[in-house]
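Chain IDs A, B, C and D follow the sequence of writing; residue 1 opens each chain.
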Amino acid sequence: MSKVRVGIIGAGRIGKIHADNLLRMSEAEVIAISDPFAGEELRAWANERGIAHVATDSGAIIGNPDIDAVFICSPTDTHVPLIMEAAAAGKHIFCEKPVSMDIERTREALDSVRAAGVKLQIGFNRRFDHNFKRVQELVQQGRIGEPHIIKITSRDPNPPHADYIKVSGGLFMDMAIHDFDMARFLSGSEVTEVSAHGTVLVDPVFAKYGDVDTAITTLRFENGALGVIDNSRKAAYGYDQRVEVFGSKGCVTADNDYPNTTIVSDDEGIVRDKPLHFFLERYNEAYINEVRMFVESIQSGAALPVEGFDGLQAERIALAAKLSVELGRPIKLSEV
Amino acid sequence: MSKVRVGIIGAGRIGKIHADNLLRMSEAEVIAISDPFAGEELRAWANERGIAHVATDSGAIIGNPDIDAVFICSPTDTHVPLIMEAAAAGKHIFCEKPVSMDIERTREALDSVRAAGVKLQIGFNRRFDHNFKRVQELVQQGRIGEPHIIKITSRDPNPPHADYIKVSGGLFMDMAIHDFDMARFLSGSEVTEVSAHGTVLVDPVFAKYGDVDTAITTLRFENGALGVIDNSRKAAYGYDQRVEVFGSKGCVTADNDYPNTTIVSDDEGIVRDKPLHFFLERYNEAYINEVRMFVESIQSGAALPVEGFDGLQAERIALAAKLSVELGRPIKLSEV
Amino acid sequence: MSKVRVGIIGAGRIGKIHADNLLRMSEAEVIAISDPFAGEELRAWANERGIAHVATDSGAIIGNPDIDAVFICSPTDTHVPLIMEAAAAGKHIFCEKPVSMDIERTREALDSVRAAGVKLQIGFNRRFDHNFKRVQELVQQGRIGEPHIIKITSRDPNPPHADYIKVSGGLFMDMAIHDFDMARFLSGSEVTEVSAHGTVLVDPVFAKYGDVDTAITTLRFENGALGVIDNSRKAAYGYDQRVEVFGSKGCVTADNDYPNTTIVSDDEGIVRDKPLHFFLERYNEAYINEVRMFVESIQSGAALPVEGFDGLQAERIALAAKLSVELGRPIKLSEV
Amino acid sequence: MSKVRVGIIGAGRIGKIHADNLLRMSEAEVIAISDPFAGEELRAWANERGIAHVATDSGAIIGNPDIDAVFICSPTDTHVPLIMEAAAAGKHIFCEKPVSMDIERTREALDSVRAAGVKLQIGFNRRFDHNFKRVQELVQQGRIGEPHIIKITSRDPNPPHADYIKVSGGLFMDMAIHDFDMARFLSGSEVTEVSAHGTVLVDPVFAKYGDVDTAITTLRFENGALGVIDNSRKAAYGYDQRVEVFGSKGCVTADNDYPNTTIVSDDEGIVRDKPLHFFLERYNEAYINEVRMFVESIQSGAALPVEGFDGLQAERIALAAKLSVELGRPIKLSEV
């Protein structure tokens, strides 16, 4: 097949990262980028990279007959309408998570994708991380037997700005949603029940917006396993992203990534540098891989590695977790 | 002060371990041991160690005016009556966990101890482990700031025999009770609410006796922190005993202990030996230290490191966890 | 400054790697590549990358007035004449190690570079590795005080082919030369004496060509420190590249890099995957960084990070090591 | 067999450690201890332990017909005469290292032991360390194939006092002698050639007494392997005792022992406590085991784990290392 011609909708940080990663692939071409605030700066940026078209309107992307696939990197509330428009226009779609914060709306978006027969990949980049991929592989190969307990630690180095907190959808929908997808990925099973406990220990601003900054979520899976996720909006030592799958024949863990293997021993103790600081450093390679697999799936017709359904399920778990904190009881996934 | 003269009630494995550890201390003397099944073998064992008296009846210990302190190492259902008798006789008491499986009975035992003005230490040996002690020390020194999340992994290498399962009191009262005490120890705070999820994945025999073999328990603490404990009755790689305390300024973890630091690299990978097999190996030093501190507290009049109240609280958490699994909802500690 | 226009001499594996890394930099342009065996394949490869000129003769590179800098990636025996020609033509030069296997010839090449006033960087890529760079930084900052002992472990996963062994210059000049440069880099001091011990334990073919496959080399440095390097042509577990600098205030070590942080615990033990397999995987990032710094030095006029003198010194140490094995005694660097 | 009755000659720190370890074994009895400075304090110490006889003269030990075995824990210059006297008196002998600093004298002592048909164990306690024992076991089982390179790091936390340095016999005979024995133990082969490099970097007092404080020693073994040992009299981070055996099928390493597994992550980095401080902490268990095996060998008639010959060989290597530094050339073991 010839090169996949891509248009990027949304020229924020993540839109630009995807563009740069696509530009490094010989199988893809980035031919257009749109952003409501597109101006001189974006034009220069695009020019330097040989991206031909810059627009303020996403319609210029979706309406462009030369484009095979669109990357939706705009704010969450635009995802559903853009997916529906792009699907109607016959474009394959890569959309950042979450599809929406409203399960019904997400379902509609998925329906339109199904009706149009296009592909929709959700930006759960962590599935493409070298550590987590290897854990999943080992679990799937039966290396640790039947999974019994899935544990995920996911802590950010710093909370987002108050403006963002207000519209983020909350810790579960904004941050833990990645962990909910990871739990499904690692267990190879669907979640049936969610019990979450949240609290505000990092910054009172979270309480102001009805959000939490520290949480523990327990999951039950269809295959009988239990899962537990602990989240914090602030880890003093940087980004903390670890997983563990314990099973009938053993246990597999993945530790954080570090910038180097250097260890200093002195009269104070034994010291190594902090883990890689945040998601751009830690998941750099994962961003490259997810885009590569999206393009390859379009070219080869193979199944996508993460589909719209995966987005929906993670949103349902996030919603259930939020409800569980509010109602102070376990929530069945079938309730949401 | 002169040597503390000790009598041991119950000559099972743990009674003998305590005896041997006491015998190595110049501050203590073991002068009697009792066991309903005391016979030639026990007499020979005692003789070899210079333990003067061997009896079949615990009354011979409690009634012996030369004895300062008793170690209650007999079956759980005898703990309360023996504590009450020993307290009435003015003996200091070291009692294995749990005091009982009935909170009211435990309270009565504690009342009798208080009334008699004697000391009662509960056998929460893990507080004396070099790793956990160091974690607690670091938390208490404020090294990681305010505790936000306390995580405990506690997995046995193999389930107990079916006979034992039947009378064990269940995973929470028998096994996780150590972790509940550890949670209080590490957080420096009381538990206010317990949510537990349990399941049977290791062996159906647990279901037969209304027990679980795999569990995740979430705790809320008075100081606002959250805690989570994961338990399994069977870890293929041996005894798995790790903790982590995450706080506002950092995180402290303690890994398992290993029999050596040897690592083999070959064409299959990088391999080290499994962790220390089970509690006798792992907590060997902790058993020595708990007994030493009990004896020293008696001699110096200093406060005990683990008191009857600690036994009661751990039992209440265990009971709440069991209830939570049964009722499928969080249980406030004030409910039990 | 405008882009640095580069010509590549030698289209083997390493020439192509440098080309690809240069192509990713916006500060550089690759405009020509030459190789005696240039044919259809190389032309297609160049075409795909937009490299305009493909030649069989290095003269087409050195004689091209549009070229600012040449990369000499051809066989070792061509390095000296090519450096002299390129210097005479006023080109900046990046040359793979070693410059030559004859110290006098290397000196001549360096003289011609000095006379021409061009820059010459030697391909000691390991100085740009994230681990070793960090070790050097810590040593230089005085983090471990005065360096006392420098230790380097450097083992290949597999010996090269017999054809290569024959012409390689031997373990010291071909393989350990990287470690000799690393020793100077980490110690921040010149080597004054070399004692080497070599033997053939991996494959008798090494003996056939008067070479060794296993060696231990002890170094004395001008600043009083001692160094020791152990080399093997075959490590069953893959590429083994570790360093340690021990000083008056502490010690800093750098371990191998691993493909992931995943650890499996089962009833056999605790296992992780082998280290990154060989130099292309391990030093991937180092290759990118060395080329970047070469280009930046040309643009900014800043000093090169590795100069011709560094190539000369490493060759002298290699020669001294070889002599030490032959004569069975320490060799002063001033002897070679 | 009945209990082995032991007499201790020399009531310094190490003599008392051996006594206490023997007292914990049911197979041994300590019935006498001698020291030229024996006084009230030693008498009280002995009394507390039930050691019947305290003498100022070693003759009271060697001449005591009730004693089966003597522990020679007196200064090095007394070892040879005491071994010869004890052997003549038919006592089994445990002697601290080195037997002497004069190879001929050591040979004489060994001859007298052989003539008398008694057992002589040398105090190379590190062979009984859990880590090194495990490494040796793995090497012997062929787990890493044929050994190619043996590496030993051995650094003390602090130099001894100047008074001790003066009479110590020097770094090689006093400190590295343990490593020379370890090299023979791990390689399973005899040393044939020694090349040593030493220098004074820690404290000029070493130079004053013709000694070094920092050294690298290269060994050749009969089986073709190479070995390298690095020593320092001062490691800022404490006792550093690591080994590595690299072979045809892989590599086995043993790291230091740590007081706990606790790791703190904060905004400064990832920190663990320093290794166990010095030999009493690190080799505590090794001291217990070596004494146990000595007693068991006497009881069972089994071969000793470390014999007089092992003492002789380590001394020869130490002497060769010293000579190598003085003469600036490799020394064949057959030369000493």
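Methods note: a residue touches a chain if its C-beta (ideal position, glycine included) is under 8 Å from a C-beta of that chain, and two chains touch if they have at least 3 such contacts.
Bear in mind that the values here come from a model prediction, so they are computed numbers and not experimental data.
A.B. asks: Go through the assembly and pull out the chains touching subunit A as well as subunit D.
C.D. replies: B, C
A.B. asks: Which chain maximises the distance between its CA centroid and that of subunit D?
C.D. replies: A
A.B. asks: When the centre of a chain is set as the mean of its C-alpha atoms, what distance in Å lies between subunit A and subunit C?
C.D. replies: Roughly 40 Å, centre to centre.
A.B. asks: Between subunit A and subunit B, what is the gap in Å from one C-alpha centre to the other?
C.D. replies: 43
A.B. asks: Residues of subunit D touching 2+ other chains?
C.D. replies: In subunit D, the residues touching two or more other chains are 235-237, 240, 249-251, 265-267, 273.
A.B. asks: Please give the residue numbers of subunit C that touch subunit B in the complex, ascending.
C.D. replies: Where subunit C meets subunit B, its residues are 235-237, 240, 265-275.
A.B. asks: Give the list of subunit B residues in touch with subunit D in this complex.
C.D. replies: Going by the criterion above, the answer is residues 24, 26, 48, 130-131, 133-135, 138, 143-144, 249-257, 259-267, 273.
A.B. asks: Any idea which subunit C residues touch subunit D in the complex?
C.D. replies: 145-146, 148-149, 151, 155, 195, 197, 199, 201-202, 214-216, 218, 220, 224-226, 228, 230, 232, 234-237, 240, 246, 248-251, 328-330
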